Amino acid sequence: MPKPIDQRKAPPEVRAVFDDIKRTRNVPEVNNFWKYLARDPALLERTWSSVKATMAPGALDPLVKEMIYLAVSVTNGCEYCTFSHTAAARKKGMSDAMFMELMAVVGLANQTNRLSDGLRMDVDPQFIPRG
Amino acid sequence: MPKPIDQRKAPPEVRAVFDDIKRTRNVPEVNNFWKYLARDPALLERTWSSVKATMAPGALDPLVKEMIYLAVSVTNGCEYCTFSHTAAARKKGMSDAMFMELMAVVGLANQTNRLSDGLRMDVDPQFIPRG
Amino acid sequence: MPKPIDQRKAPPEVRAVFDDIKRTRNVPEVNNFWKYLARDPALLERTWSSVKATMAPGALDPLVKEMIYLAVSVTNGCEYCTFSHTAAARKKGMSDAMFMELMAVVGLANQTNRLSDGLRMDVDPQFIPRG
Amino acid sequence: MPKPIDQRKAPPEVRAVFDDIKRTRNVPEVNNFWKYLARDPALLERTWSSVKATMAPGALDPLVKEMIYLAVSVTNGCEYCTFSHTAAARKKGMSDAMFMELMAVVGLANQTNRLSDGLRMDVDPQFIPRG
Amino acid sequence: MPKPIDQRKAPPEVRAVFDDIKRTRNVPEVNNFWKYLARDPALLERTWSSVKATMAPGALDPLVKEMIYLAVSVTNGCEYCTFSHTAAARKKGMSDAMFMELMAVVGLANQTNRLSDGLRMDVDPQFIPRG
Amino acid sequence: MPKPIDQRKAPPEVRAVFDDIKRTRNVPEVNNFWKYLARDPALLERTWSSVKATMAPGALDPLVKEMIYLAVSVTNGCEYCTFSHTAAARKKGMSDAMFMELMAVVGLANQTNRLSDGLRMDVDPQFIPRG
């Protein structure tokens, strides 16, 4: 599989995305995720613009969004994403206590998800939205 | 597989748990999840005491916990849990806009988790905590 | 997607597999899984011969194998397989109490799997087999 | 993310759980899983009491439970859990032949789960329990 | 959770996306996926522009892309996506025989993925790309 | 867990399978996957004959099959399989551009799978095959 791109040798359209990432996040260098994606400049551009729009402040707080991102990454067993989004959530203010509570909720949800699936539970009518 | 228990015929240890659920959540009846689990009273008791402790206010807000629960349930494709935790999050204040943003983050995380896994990305050293 | 095959109109190589399934399991008719697979007779044949060999008595008891099969199916959230392997395990002797304990273990394993993944735990050296 | 706790510096409520684990399992030291969880003493306590109750002899034999735990861990791709529960099952009597048969069943179940999902198979009426 | 939008009552920015979908795919109406996403017009727009760019002819043929999409959807057990991408692949030329072979590969990959994970196999050095 | 077998000490039935793998794939040595499976010669034989039959040219091209295999492996987060099937697809002609497009489709499918599951979308009637 292709290796991460060397920033100094990146084509202009890649460098433009890298610059926007650095500016938006106020970091001196982009992390590996972006250097690997840069092997397909169009994929890099689409992914970054999607991350930028989705993770911006909105109805949900950026830290909450980052913790949701981490919960999904842990559930999928993604090593890279678990490390990188733990770091990102830390930077946005996640304390040790918050991290441990997040893990407790993720663990519990995975447990009860499987209990529900295994017992093939009927959904209570009050939970189904009416059109 | 065993069917959900009829509340009126439940043994006393099951009824004690049901009563605590109703009191804690201020609902007139427990939802199906608990009626199915009641086929194993010890499992019912352990699961409820774990849910009660984990979802209580702490370093994280109950609504944030509920949305994290929902993010995991969606990622696992659990139908029962997606319906029930969407309803629970609604009750705790999740608006349509918050729900849609939550979905957007869940979708994005699932996408980038697989990009990271597929490209077998090296974790940046700054993301790995030092002992 | 292709529909399940009508047994009476099945080609001879499909009927031969269906007959072996009925004989081996002592059932009057094959269940839907096999009728769908029959749309690709070579896939049907390979899958049946793999199921027959894998699920036969060996170092593990057939009921234990059936419960392992069910544990995987629940973890994957597979509706068809959860129903069919619960029924198969019942037929081989799984009681209500055994089913509920199986669910408890499946739920717990899913929980601790994610706690381990989320905290990115180092494997204890004594767990790693030496060549 | 928080690092595993040093046993000698653990607070009393953590040490009480560690002592119960060592006594119950007859081991000189707890494994890493518990040292990481100890960063949240309440989560540690809940998780241990749940593991202790769930994995005790009951309608299912402890070795069977351990193999079910392993089947789930493998299906979830959890590295830590696969190593630790293989070791635990070994200790309870799982032979090489039993391990290989377990893997064969896990592999087969994952295969047929996806065939069932992909062909969107109707569940046979005889598999659906009647209330 | 929010219900699908009624096309006639959709705001202009939603209608613009719907029109582009209809034009690009040459269909009289958009399918439900887009009507649900339309509850968040920005998410709708981002998702459609990503689908449009990703699924266009490129180094891979559109039918091949559609079958890869379907393989992922089946592996994730996603009902909606399995139905919709089977239909989409059909429209682009997938025959019954191609569909059954696709299922066979998906089933086999899921099986061997778990065998590899369960046996914790070392990656052969020749498979690891050199920087 | 058992270690990979040493080819020179393998029993005759294992060597026969190894020889067929080398001949079919035109390689000087089998890769680790087969050496681990060889701990259960019957499982080795069944798995190889299934891989050989499934991956042979048919209604789908061998390279297309290999890329579908890779898409599943990435979605399951299987490290061994991602490395080995990337190498296999390379050998059959997958270029860097094809690999990156494959990743883009896999990422997108994982994203929209979860959006569909989270919004609990009704399947459009035209996508459901009529018997």
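Letters A, B, C, D, E and F mark the chains in the order given here, with residues in each chain numbered from 1 onward.
Everything that follows uses one rule, which is that a contact is a pair of C-beta atoms (placed from the backbone, for glycine too) under 8 Å apart; a residue touches a chain by one contact, two chains touch by 3 or more.
None of these values were measured; they are calculated from a predicted model.
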item	value
Touching subunit C and also subunit E, the following chains	A, B, D, F
Shared chain contacts [subunit D and subunit E, defined touch]	A, B, C, F
Same vs different contact residues, subunit A with subunit B, by half of numbers used	same
Most distant chain from subunit E by Cα centroid	D
Most remote chain, CA-based centroid, reference being subunit B	F
Interchain centroid distance [CA atoms averaged], subunit B/subunit C, Å	27
Centre-to-centre distance between subunit F and subunit E (centres being mean Cα positions), rounded to whole Å	20
Residues of subunit C whose C-beta touches two or more other chains	1-2, 47, 50, 54, 75-79, 83, 86, 97, 100-104, 106-108, 110-115, 117-120
Subunit E - residues contacting subunit A, complex	1-3, 42, 46, 49-50, 53-54, 129, 131
Parts of subunit F lying in touch with subunit D, wherever the complex brings them together	1-2, 39-40, 43, 47, 76-78
Contact set on subunit A toward subunit C in their complex	70, 74-75, 77, 79, 82-83, 102-103, 106-108, 110-115, 117-120
Residues of subunit A touching subunit B in the complex	1-2, 4, 31-33, 36-37, 47, 50-51, 54-55, 58-60, 64-65, 67-69, 71-73, 75-76, 78-81, 83-87, 95, 97-98, 100-102, 104-106, 108-124, 126-128
Complex contacts: residues of subunit F adjacent to subunit A	77, 86, 96-97, 99-101, 103-104, 107
